[in-house]
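Each chain carries a letter (A, B and C) given by its place in the written order, and its residues are counted from 1.
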Amino acid sequence: MSADLRPNPALAVARLAQERHAVRRRRERFGRLLAATGAAIVVLSILVIPAFLLFELLPHARMPEGVGGRFLLLLAGTLKAGLIAVLVAFPIGLGAAIHIVCFATGRWRAGFRAVLDVLAAIPTVVLGLIALTWLAPWLRSHVATLLVLAAVALAAVLVVSVVFGRPLRARRSWLPLIVLPMLVLVAGVIVGLDPLVDAIAVDTPWNGLLVGLALGVAAIPLVCAVIGEVLQAAWDRHVDAAIALGASRWQALRSLVLPASAPGLVAAALLAFGRCTGETMVLLMASGNTPIASLDPRDGLRSLSAELALSLPGAERGSLAWQVLLFATLALFLLSFACNFAAGRIRGRLSS
Amino acid sequence: MRPGRPLPSAELRGDVGVWLSAACLALCIALAAGIVVVLVRAGLGPFWPQPVVELVLRDQQRLLGEIALEEGDAWILRTSETARPSDGYVRVRRAEVLQVDRPADAWVLLHADGRRSYRRAAQAPEPGATNIVAADPRNALSFGEKVASFGRNLRAYAAGGTGEGPGMLPALAGTLVLVLLMSVIVMPIGIAAAIHLHAYAGPGRIGRLVRGAVGSLAGVPSIVYGVLGLGLFVHGIGGSIDRWFYADRLPVPTFGAGGLLWAALTLALLTLPVVVVTVEEGLARIPVAQRLGSLALGATQGETLRALLLPLARPALLTAWILAIARAVGAVAPLMLVGVVKLAPSLPLDTEFPYLHPSRQFMHLGFAVYDNALASPDALVGVPHAYASALLLVGLVLTLNAAAGLVRKRLRDRYRAFES
Amino acid sequence: MSTPLTNTTVAPRLFDGLERIVETQGLSLWYETRQVIHDVSLTIPAGRVTALIGPSGSGKTSLLRCLNRLSQEVPGSRMHGEVLLRGVPVRGADWPAHEVRRRIGMVFPRPNPFPLSVYENVAYGLRLLGLRRRRDLDAPVEEALRAVALWDEVAAQLDEPALTLAPGQQQRLAIARALILQPDVLLMDEPAAALDPQSSLRLEELLRQLGRRCTIVLATHNLQQAARVSDFAAFLNDGRLIEVNDTDTLFTNPLRRETEDYVTGRYG
């Protein structure tokens, strides 16, 4: 006895369903095909990049003299820029992430995250512009001033932390807004006083330091986001137990959360390094594009990406220059891929 | 840690760490605010009417003009231009200057050919033989008049009619057309891939493969996409198209050179991961009960998606689109290889058939920033252009991100209605 | 890998004279490596209300989902054994999954109306079958809503969002949604679980009415509800079918000690 609700079934649903079977099966197959095509395109895309590069490069077996040397110079430049950038971005990103995760609550947290989103949204070409036109002329004669500024600011924060001690619970979240005017004041005073002008001789305004600073600023949001994620997970896991044992937040952070997140911090640094080495606009605009390999941040550098942007449009297809540039592309691709892969593995192990 | 749970006040030992981390965050705030301020000042500043100064030098020379730049111990003064625009810049050492005045009767005159000249006169000079287009008594303007002048300058620049450059309209138009063409390519593919991941692939081997591919794509440097675009699309496919269809025009390339189509394709690859991840995330947020409910009524996976899940995920689709555009607008490096130019002879979208010309070169806002900053022959004119373009670019990106954030919030609220 | 035949106690000649509309034969279900249903051979008689009772976690929901092939939507699930609808295997080539689900409707513990209007919720299944125009859908929608005693309450609000209805109404809407497809069997998975006692009783009244002309399988952990509404009862424990009998006998005179312990409230 079926669930026949009417005495006289004018609408025989079973028959209707039977009639529609074929059409629905066709449509379902077509839909699956479309979806699978999209997925296939994605997989194809990531394979096409190295495949294309290798395809163009393999027929030409050997690289002639001198090219290898230039390539290494470019690679050195790329790595140097990435390294300085990470050195700049990591501490700041770490500090910001610590504050957002451990000391800020509710709307302050959302607000701080929004600020970092603003920083992340700024296109790198704009950062390059500011570095090139605004920072470079000043930095040329004021490297020592910058160092003094950093040292004084750090000292000021330390002094204030000792003098004012523990911020009350109520002030904890918006502590950065208290520190901000302090930093601005210190910066204003130091820049106004202009000490040690030209104390550190700098040959060119477009050097590793400038690039490192600009790239570092670009990388801060990424570092902060990744570390924030890792810290949050570890924080949620450990903090209740630690507080129950009478530890302060900072103690919980230092003794439990940070060590537990250490692999995540490494992953964040790796990701930032990979992102910075792949960056083009800042390097193009602020590095001076001088192909020298030197550990001194006061010297310029030329990166793989800038070389590509500058030389590739003019290179004739199939020519020697073309091959060299494609090889540089492959190197850049592998470098980024390796950094991302390693970081992914580390994070994967963390979450398991 | 459940946020908001009260803790004993004695728990903030380790003050140094707290203050230091706060300082780091303060630095980030300062950076973000500082960048915006610098952009606004440098981008809008040039449009604000500058005072006209008269410098009296040690050697009794008198110079009338506007201070364009302060460079170390010297000033760059812009004086009357005689033969061409921008030929009146003079460098004056501060040490040589005895006196600086702001005469109230100074006039700034704009000529029809774009030249500027400065004059002291009791009343407005006649248009006469020197083809004066506009004249303003700069130092005698009230605040309100200055604001009006500011607005006029802005409008003129945006429309491109200052004679000092093409203005921002072509670059903006080029950017928008590019981004729209890219959207048409990337959205269907991205949505299809996300659907596949959500409904058909699952956590199995294929799902892991596709997700791995998406993650890898996200990590590829943007310039590498540009190289692929140049090598594979422009030379490879474009060259083939030229050989097959436009052989009579060779060696002048039609599709075998950089252009709108290849740039859109390249950017589509670049933003593909953003779309896939955002859409899949949106689909995953839909409560399982909805999907099961639909299946239990005899719907297939595809029918469930079409009738229920995709409409529910509309905010996520919108967010994905906005985020893709935001990412594309900021990507300059790949475009330098696949078709962006400093000055395009014509817009890629115009009124002659077929209205959209995908083989044409185009202008782009981000590239305008780079080009004006570095490659402009006159740095004093180029840099303000660069900043103006940069300001517009950043404004655009921030607006897009804010819009995406709003849409995301609406999505969350919508799902909360389900739970209750 | 297969477990030995469960020792199910079925009262003899229980289903004499009744059509066996749904049968499972040696049904076992695994989620990854965990086995949730062990070798269940259950018969559902047509035109009656059969209750599936047992403590939470005993596999009632999983068993129901095997009947309409919804269990295959869980990744990592594996099924052994057969499910027959009128003697035809549901996993066979005769019907695709979506047709099985049309014939075996399901109502979920928590009402899950779609974010559409009341009308569109009910018409959802028919639209899948190609009926597009309102005038073709109006009559079946009204029939279905009347069958669940909802028509008078919502006739003026057919185009309002279904989410604005009260939970009790939403659950009846869910039943209407399934009924409009003229299913052979209606599976109810704890339909009153999310309802207040008053709505719950109204739902039970509806089930009793529907049960007179429709085959219903009702999974519930509420023993009183099962006693009030059902004709037959099957006791499931830990994924094993322990006893099947007509409801009165199962509750007053169970054949197995395990069953007696459960229905008298000694555990569960």
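Worth a mention:
Assume contacts are C-beta pairs under 8 Å (C-beta built on N, C-alpha and C of every residue); 3 or more make two chains touch, one makes a residue touch a chain.
It should be emphasised that the depicted structure is a prediction, and the values quoted were computed from it without experimental measurement.
Arrangement of the chains shown, judged by which pairs touch: all-to-all, with no pair of chains left without contact.
Highest inter-chain contact count (C-beta pairs) belongs to A-B. A simple rule picks the central chain: find each chain's mean C-alpha point, then take the one closest to the mean of all protein C-alpha atoms, which gives A. Each chain gets a centre from the mean of its Cα atoms; for chain A and chain B, those two points are 20 Å apart.
For the pair chain A and chain C, the distance between C-alpha centroids works out to 53 Å.
Centre-to-centre separation between chain B and chain C, using Cα means, comes to 58 Å. In chain C, 96, 98-99, 102, 128, 181 are the positions where the chain touches two or more neighbouring chains simultaneously.
Residue numbers of chain A whose C-beta contacts span two or more other chains: 17, 24. Across the assembly, chain B contributes residues 298, 300, 303 that each touch 2 or more other chains. Within the complex, the chain B residues that touch chain A are 1, 3-4, 6-7, 9-32, 35-36, 38-39, 42, 188-197, 199-201, 206, 209-210, 213-217, 219-224, 226-228, 230-232, 235, 269, 272, 276, 298, 300-303, 305-306, 326, 329-333, 336-337, 366-367, 369-370, 373-374, 383, 386-387, 390, 393-394, 397-398, 401, 405. Per the touch definition, chain C reaches chain B in the complex via residues 68, 70, 73, 75, 96, 98-99, 101-102, 105-106, 108, 110, 112, 114-115, 124-125, 127-128, 163, 174, 177-178, 181. Within the complex formed with chain B, the chain A residues making contact are 17, 24, 27-28, 31-32, 34-39, 41-43, 45-49, 52-53, 56, 91-96, 98-100, 102-103, 105-106, 109, 112, 115-119, 121-130, 132-134, 153, 157-158, 160-162, 164-169, 172, 175-180, 182-184, 217, 220, 224, 235-236, 239-240, 243, 247-251, 253-254, 274-275, 277-281, 284-285, 305, 308-309, 312-313, 317, 325-326, 329, 332-333, 336-337, 339-340, 344. Residues of chain B touching chain C in their complex: 202-204, 287, 289-300, 303, 307-308, 311-312, 417-418.
Residues of chain C that touch chain A in their complex: 19, 46-47, 96, 98-99, 102-103, 126, 128-131, 139-140, 143-144, 147, 179-186, 210, 213-215.
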